[in-house]
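Below you'll find a set of structures to go through.
Two complexes, one shared chain (chain A), two partners (chain B, chain C).
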Partner chain A sequence: MNKRLMPYYLMTVPAVVLFFIFLTLPALQGVYYSFTNWNGFGDHYDFIGLKNYVNLFKDGNVGNAYWFTFKFAVVVTILINILSLLIAMGLNAKIKARNFFRGIYFLPNILSVLIVGYIFNYLFSNVFTIWGQNLGIGWLSTNLLGSEQHAWIGIVIVAVWQGVAYNTILYLAGLQTIPGTLYEASNLDGASRWQEFWKITFPLIAPFFTINMVLAMKNSLMVFDQIVALTNGGPGRATQSISHLIYTGGFEGGEFAYQSANSVIYFILIAAVSIAQIRFLQRREAEM
Partner chain B sequence: MRTRTNWPVMILIALGTVLILFPLYMTVTIALKSPQDMLASVFGLPKELHFENFANAIAMTNFFNALGNSAMVTTATVVLTLLTNSLVAYAIARNMNRRFFKGLYFYFISAMFIPFPIIMLPLVKLTAGLNMTNLVGLTILHTVYALAFNVFVYVGYIKSIPVALEEAARVDGTSTWGTFWRIIFPIMAPINATVGILICLSTYNDFLLPLIIISDTDSYTLPLVQYIFQGQFNTEFNLAFASYLMAMLPMIIIYLFAQKWIINGITQGAVK
Partner chain C sequence: MKFGKGLAASVSILLICMLTACGGNDTSGRVQIEFFQNKPEAKGSFDALIQKFNESQSDITVVQVNPPDAETVLKTRVVKDDIPDIVGMGATDTYSLLAQSGIFMDMTGSPLLSRIDETYVQMLKDVSGMEEVIGIPYSTNANGVMYNKEIFSKLGLSVPRTWDELLATAKKAKDGGTIPFYFTYKDDWQTVLPFNALASNLEGIEFYLDRREGKVTFADRYREIAEKQLELMEYGHGDNFGKNYADGNRAFARGESAMYIQGTWAISEIRKANPEAPIGFFPLPTGDDPESNKLISGVDTLLAVAEDSKHKEEALRFIEFLLEPENSKQYISEQTLFSTVQGVTQDDPAVSELLPYLKRGQVVDFADHYIPAAVQLNSIIQSFLQNRDIDAYLKKLDTEWDKVADRR
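Coming up: the complex of A and B.
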């Protein structure tokens, strides 16, 4: 081995070993267990082939968790991106106390998701209901989170409230890369605000749009803390996300191997969605 | 034309902050009220300040113990991450033309796409077997999991540092290690700040990893304490909110002082 390279190998080897032990190995083990019927604590288990995978497709709870998670993720991703782009444009405009407002809008991002969830849990059950009753709005006068039909909206609200902060800052960074002279030129040409946005602003922040879409989607597909704090998957299983199902089924329900199979499917889906998003959005970037 | 204040936008932005601040206003006021105060008015300011809510919450959740644990894990993770992850990234960045290091680079960053639930179940078995169900284990895991993203960010940054700097040092007889610690690491201060801030926030606020790893109540971190005691707070909202507020306070204080840094750091980290 090249002597000059030796220090470099020494620098990386411990990291490779730890990375393999704590990330790659568990991932491989998860795949391995997904072909067994291990419950997670006994010594004995058998290989059952693809049976877990077959059962996953027949399992109503699993289907329900996937439906909830994807519905949630799509709605949250769209809302977060629209709102954060609007806020970022507002924060980029000529306003007073700009840094103060930036500070406020970014604040939710530094708070614990779990605690924010608990705070909103109280607001949904004890505060918003008062407004609902006073204003005579039916769906707001009872706890939103207690309704099997509407509880997911409550989780969307909390996820958006917190998620917008991060994406706003990224969009703001994107907007600041656009030279002001472009707007001056379009002003002279008599372009409307609307044209300005679609012809200048939006195309030029395309890479930031890609990052924000992918990040928001990935984060919301992994939703866990909010579920624990707001509904614990209920009422019934109306708001059980995939990661929440893997956690409860795997650790508390004795479904270790079964949920391992679920994890494998979950991983494939997240990877596929992320890659598809990046490909599609980057092609769009190039075309613009 | 463009230099004048845009009042309509300004007003909308100002109104929007109400949506951000309202939940926080509620948190602070509820934490300071008594149950009787709450019955009188949920939204109003407290009639008198009930600081005993904080005292009771501290006693009930063993707050200072959890704060100590969170502070310890967060500090140790930040220090360990900055020292180790930058070193690994340096070795990779300076040898990207070699197949081994290039392969390592992609091996590490591919983990960014692995959702935590995939490794969660086997990881619990593994950490129990290795006696890592404690704060030390938590620190190590946070540091290892940070590597994927950090290698990505650091390598990008190190590439922009001219190699000539190191060659000069090497001619003077400095070893590769010496070159890293004395020349490269100090130059990396801005990116270290970014990485440090991101790791600090994610470690301090992390809930899922401690939830599955930590079994001993003495080792609970702050989010874990809020979770475990949630059941007991069922009717005592004032105590619960005092406890939430105290748990969030350290990061809010840090944010007040380092706001500009944090926002810049987050931007850089993600855009790199």
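Coming up: the complex of A and C.
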């Protein structure tokens, strides 16, 4: 073997082995279990073929969780990208105490999702309701998270509040790659702010737009912590996301194999959505 | 060779970590056994008992583990084959699943059982559907209506004995400007409490044995239960689905409501917020005949030993210690529960009205202990109480039950 290649192998092979042992192998095991009726413990289980997959398609709770998760993910992805792009442009402008504000806006990303969730949970139930009562606003005087119709809005608020920070940083990085001379030139040509944005800023940060869309979508499809901290999937199953269903059904419900089948489908779906998004958005990048 | 040095260092750090984490014995040569239990309320009480035990022993150290959402954590640990030496949990459907999987030691014929009230040993057999006894019942609870004695005497209310009296009492409280019931239905498990009282009393546990064989359906037999639970909702506060268990305990401790449908396990939490809270307790009346109304009481904590534990004998010694009348008494007094140990009585005035029921054996187990966890009864009831559609609710119970049975 070429001696100069040795360090490269030493660095990559352990990573590959670790990746295989801790990620690939369990994933394959999950696929294997999805064809059994194992409850997660116990000594024996039988092979039942595709029965779990058939049952999945008959299960209204599964359909409900997929519907909720996709609805949630689309709303959150759009809101996060609009807001973080606006904030990034604000923070990129020549304002006072710019670095201070950049720090402040990044703060939500540093806090643990679970802690943020519990804080908001308290706010929703014991603080906002009191404001609502004092101000005489009907919809604010009961807990938003306690209503089957509206609980998802509460989760969207928290997810967006926290998710914006990370995407803002990516957009900021993107905005700084645009040379200032372009704006000077457009100023001389008399371009309006609006034209400036659509003709210069947006096309030039297109790759960042792509990656932000994909990341935000993927993260919100995998939403779990916020749900646990805010509603635990309730009221009823109104805010049960797919990962929450897999966790509660698989472990609390003792239906490990059944939810393994669900996670196989879930994995395929997330991979498909991400790939489709990247393809579509990158083609758009090239066109711009 | 800088690279080699770094590698050696990291490998040795890894090894040290593995050795210390896996070692069952600590430095003093004592055997360390893990006691895993699911009640956050009881953490302090068990800590005190464990300390007493550890001091009395020279060769065993018991360590308590009490994570949030303990039942789920326990199941994930069972999946990883990492079962705690001793498990303390309620006699629920989870217990029944675990007992049937053979991960706990068979206690049938154990001398420890001779100290335990026979009723509760039988209850374990019923829940798991097995003839063997897998675990030792340790404490039992009761589920009913907690009431504020001061508010009751101020409004001239007396303890209701029938369903109609209960509603009349609630109405009087409402007219008197007090919240009748403080509902805490943001936590879905709270919605199950009235369900248990109504279902166990009106249809009984036999219903579930028949349901397993497909002889009956919820749609046929649970309408009255659904209607009555819905009727109670007329007497809540403005934000029934916005408050959780902790909010409820705080509010009831402050005297914000006349009644609170709850279990005895909450008393210790309420007293943390207000040690002087004037608490009384009565069984939820479900029908017209006070004589036939039963108190809902189940095994709050049972103690099971892992079949694979390397230290079974030591684990049993700790259980024996907990079962000593003095220690059992200490535990139930702090937690306002009832002891399964013969001769140990609960003297707390807050629950004195429940004692005659326990003495006469006028008790029945929680209905939800017989419903598979995968049905997710809690969220079904929570959803029903919001959309108030009785037909859809009963149908949902039936379809979910059948679906789960089909998948098992």
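Operating definition for what follows: the second predicted complex is superposed on the first by the 273 of 288 C-alpha atoms of A that agree within 3 Å, B and C clash if a C-alpha of one lies under 4 Å from a C-alpha of the other, contacts with A are read in each partner's own complex, and residues count from 1 in each chain.
We adopt the following convention: a contact is a pair of C-beta atoms (placed from the backbone, for glycine too) under 8 Å apart; a residue touches a chain by one contact, two chains touch by 3 or more.
In this text, all values refer to a predicted model and were calculated from it rather than measured experimentally.
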Contacts of A:118 with chain B and chain C, given as first, second, both or neither: first
Touching partner for A:237 - first (chain B), second (chain C), both, neither: second
Residue contacts on chain A - larger count, chain B or chain C: B
Touching partner for A:141 - first (chain B), second (chain C), both, neither: second
Partner chain in contact with A:82 - chain B first, chain C second, else both or neither: neither
Partner chain(s) touched by A:251 [first = chain B, second = chain C, both, neither]: both
First (chain B), second (chain C), both or neither touched by A:40: both
Touching partner for A:110 - first (chain B), second (chain C), both, neither: first
First, second, both or neither for A:126, with chain B first and chain C second: both
First (chain B), second (chain C), both or neither touched by A:74: neither
Overlap of the chain B and chain C footprints on chain A, listed as residue numbers: 7, 40, 126, 247, 251, 256
Complex contacts: residues of chain C adjacent to chain A: 3, 71-72, 75-76, 78-79, 94, 97-98, 100-103, 185-188, 238-244, 247, 372-376, 379-380, 382-384, 386-387, 403-404, 406-408
Contact set on chain B toward chain A in their complex: 1-6, 9-10, 12-14, 16-17, 19-21, 23-24, 26-27, 30, 42-43, 84-85, 87-88, 90-92, 94-95, 98, 101, 104, 107-108, 111, 113-126, 140-141, 144-145, 147, 175-177, 180, 201, 204-205, 207-208, 212, 222-223, 226-227, 230, 237, 240-241, 244, 247-248, 251-252, 255, 259-260, 262-263, 266-267, 270-271
Touch list for chain A against partner chain C, complex: 7, 10, 37, 39-43, 52, 55, 58-59, 61, 124-126, 129, 141-143, 145-148, 231-238, 240, 247-249, 251-256, 258
Footprint of chain B on chain A - complex, ascending: 4-5, 7-9, 11-12, 14-16, 18-19, 21-23, 25-27, 29-30, 33, 40, 87, 90-91, 93-96, 99, 101-116, 118-120, 122-123, 126-127, 130, 161, 166, 169-170, 172-173, 180, 183-184, 187, 208, 211, 215, 221-222, 224-225, 228, 242-243, 246-247, 250-251, 256, 259-260, 263-264, 266-267, 270-271, 274
